[in-house]
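Just below sit the structures, each encoded as structure tokens.
Same chain, two partners: subunit A is paired with subunit B first, then with subunit C.
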Partner chain A sequence: MTVSDVVDRLGLTVLTGSVGVEGAVSGGIVGDLLSYVLGTGAPDQIWITVQHHANVVAVAKVVGLAAVLLADGRTPDEAVLARAKSDGVVLLQSDETAFELSGRLHRLLTE
Partner chain B sequence: MSPRLIVNASRARRIDLIAVTDHNSAAMTTAVAEAAAEAGLAFLYGMELQTREEVHLLAYFDDCEACAALSRAVYELLPDRPNEPAYFGDQVCVDIDETILRSEPKLLVNSLDLGFDEAVRLVRSHGGLPVPAHVDRETYGLIAQLGFVPEGLVFDLVEVVSGVLPDGFGSAVAVCSSDAHDPSQIGRRTTVFEMNDCTVDEMVRAARGVGGRSVACCPGEWRMK
Partner chain C sequence: MIYEVRAGDIEHGGSASARIKADLIQAGICPSVARRAGIVSFEGEMNLIVYSSDGGTIAVEVGPRAVVIRVEDCGPGIEDIDLAMTPGYSTAPDWATDLGFGAGMGLVNMQKNSDRFEIESHVGLGTRIACWIQRRKDTDRSSQKESE
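So, the complex of A and B:
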């Protein structure tokens, strides 16, 4: 399962272009505390969150996440988008809630 | 952000009193204190704690050793996650001449294993003044992270970015600081204290309006002429 497959199956929007969308997805992590993701996150997970500031990109990069999925239609500003693109971090977006997205992603990865 | 550069930038912008409040560490305060003393600039020791809930709390001290003791206590509450210099910088500690003394191996930009209430108590138990940082900011501010101001906590000073203190802080007074992460940011926000000396006790008296002392925020961006 790649990021691109997840995007298609869950109807997500890709905010950062095509870089990284063929990356593998091995799991997910949900939460809005960056320190939690730093401590518990693992490579190739998709991180579902409502946080969209610059530090989110740094955390995604450090942990080696497959992508960050912004729930509730959260939209990062231009500076954060630019940072994500230059760091090769995939930012995805959906209007659905984190709860909905977690359930659907979990089902997708475990079916 | 070397010690003399911080001091010189502060003096150039006509700042009379500075504090250094690094993230979860007071390791650099002694070198900046030395540079400040050299230049006749008043100095307070300090740190900025990041709690489990990702709230930022400033701590100010008159006394070097008391601040250092809090720094040691905080270090034990930092997770063992190592720093990654490529993403977070080298976390170097330098002396007044910018000689690198060491690099901190643990990631400092992390949350302590400490709740907000506990963090306030920890600062006070070490003799420091706890000041919630940038409470009106979306990221790492008390209100954004906890939803609202918790009951039962009393502060004399609360730091804001906007200059306006949000509801819920009782009789506390707003302060503004540069929160400079870069020399160009030094002096971008300041506070004018009318007080008799540059100490934490005098800041508290000013917050309480004792004997005509006062506190006034200057939240506006400082501009280069």
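So, the complex of A and C:
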């Protein structure tokens, strides 16, 4: 499954254009502690979080995540979007809570 | 390669580490080793930003057997290293915890992602951390070149 498939199936908004949306998705990780994601995250996962500052982009880049999904309608500012685009990090967004998104993503990846 | 990190520069937090990972991949280091080096660097970089008095440096050496990441600052130093290494223990200010830092996992993550980890700190003098990450001969492009 690709990021693009997940976007279509869960009705997500892509904030960073088309770069990276064909990347593979292997699973997910949920949390707002950056060190937790650094220590536990794996490449090709989608990270569901309400954190939406520039350091999130760096964590996604270092871990090699497939995308960051901003829950609860969290919206990054222009500088964060610009950094994500230049670093090739996919930012997604949804109005649903992290709990709802986690459940739906898990179902989708295990069905 | 030496990367300078400024104290309090949260806006650019992680930039040096993302560059370190990209530079290592560019140098032919296998992605999983570059990734571990990136994680170690990220935690070190954030410690310099959040805790150091005057910033510090991250030095990256690519040796024949390992990638070595050295994070150094000139203060304030860690009073009790064992306590600082305890998962969950943190002295981070509120502004850092609000951003998802200061979970007391940084030094632990550095150790977990290293094959050898050394930390030395003196109050008033500073902190030095060195992390060795063994290279993987089977997947390193640069080591394949060396053996050709």
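The definition used in the following text is that the second predicted complex is superposed on the first by the 111 of 111 C-alpha atoms of A that agree within 3 Å, B and C clash if a C-alpha of one lies under 4 Å from a C-alpha of the other, contacts with A are read in each partner's own complex, and residues count from 1 in each chain.
Following the convention adopted for this analysis, a contact is a pair of C-beta atoms (placed from the backbone, for glycine too) under 8 Å apart; a residue touches a chain by one contact, two chains touch by 3 or more.
Please read these numbers as outputs of a predicted model, since none were measured by experiment.
Considered on the superposed subunit A, subunit B and subunit C are sterically incompatible, since they clash. When the two complexes are overlaid, the chain among subunit B and subunit C that reaches more residues of subunit A is C.
By the touch criterion defined above, A:64 lies against subunit C but remains apart from subunit B after alignment on the C-alpha atoms of chain A.
Residue contacts after overlaying the shared chain place A:17 against neither subunit B nor subunit C. When both complexes are overlaid on chain A, the residue A:38 reaches subunit B and subunit C alike. By the touch criterion stated above, A:88 is placed in contact with neither subunit B nor subunit C. Of the two partner chains, both subunit B and subunit C are touched by A:55. The residues of subunit A shared by its contacts with subunit B and with subunit C are 33-35, 38-39, 53, 55, 58, 61-62. Across the complex, subunit C meets subunit A through its residues 10-15, 17-18, 21, 31, 35, 38-39, 41-43, 46, 99-101, 103, 105-106, 108-109, 112-113. Against subunit A, the residues of subunit B that register as touching in their complex are 50, 52-54, 79, 81, 84, 87-88, 107, 110-111, 138-139.
Looking at the complex, you find that subunit A touches subunit C at residues 32-36, 38-39, 43, 49, 51, 53-59, 61-64, 79, 87.
Interface of subunit A with subunit B (complex): residues 33-35, 38-39, 53, 55, 58, 61-62.
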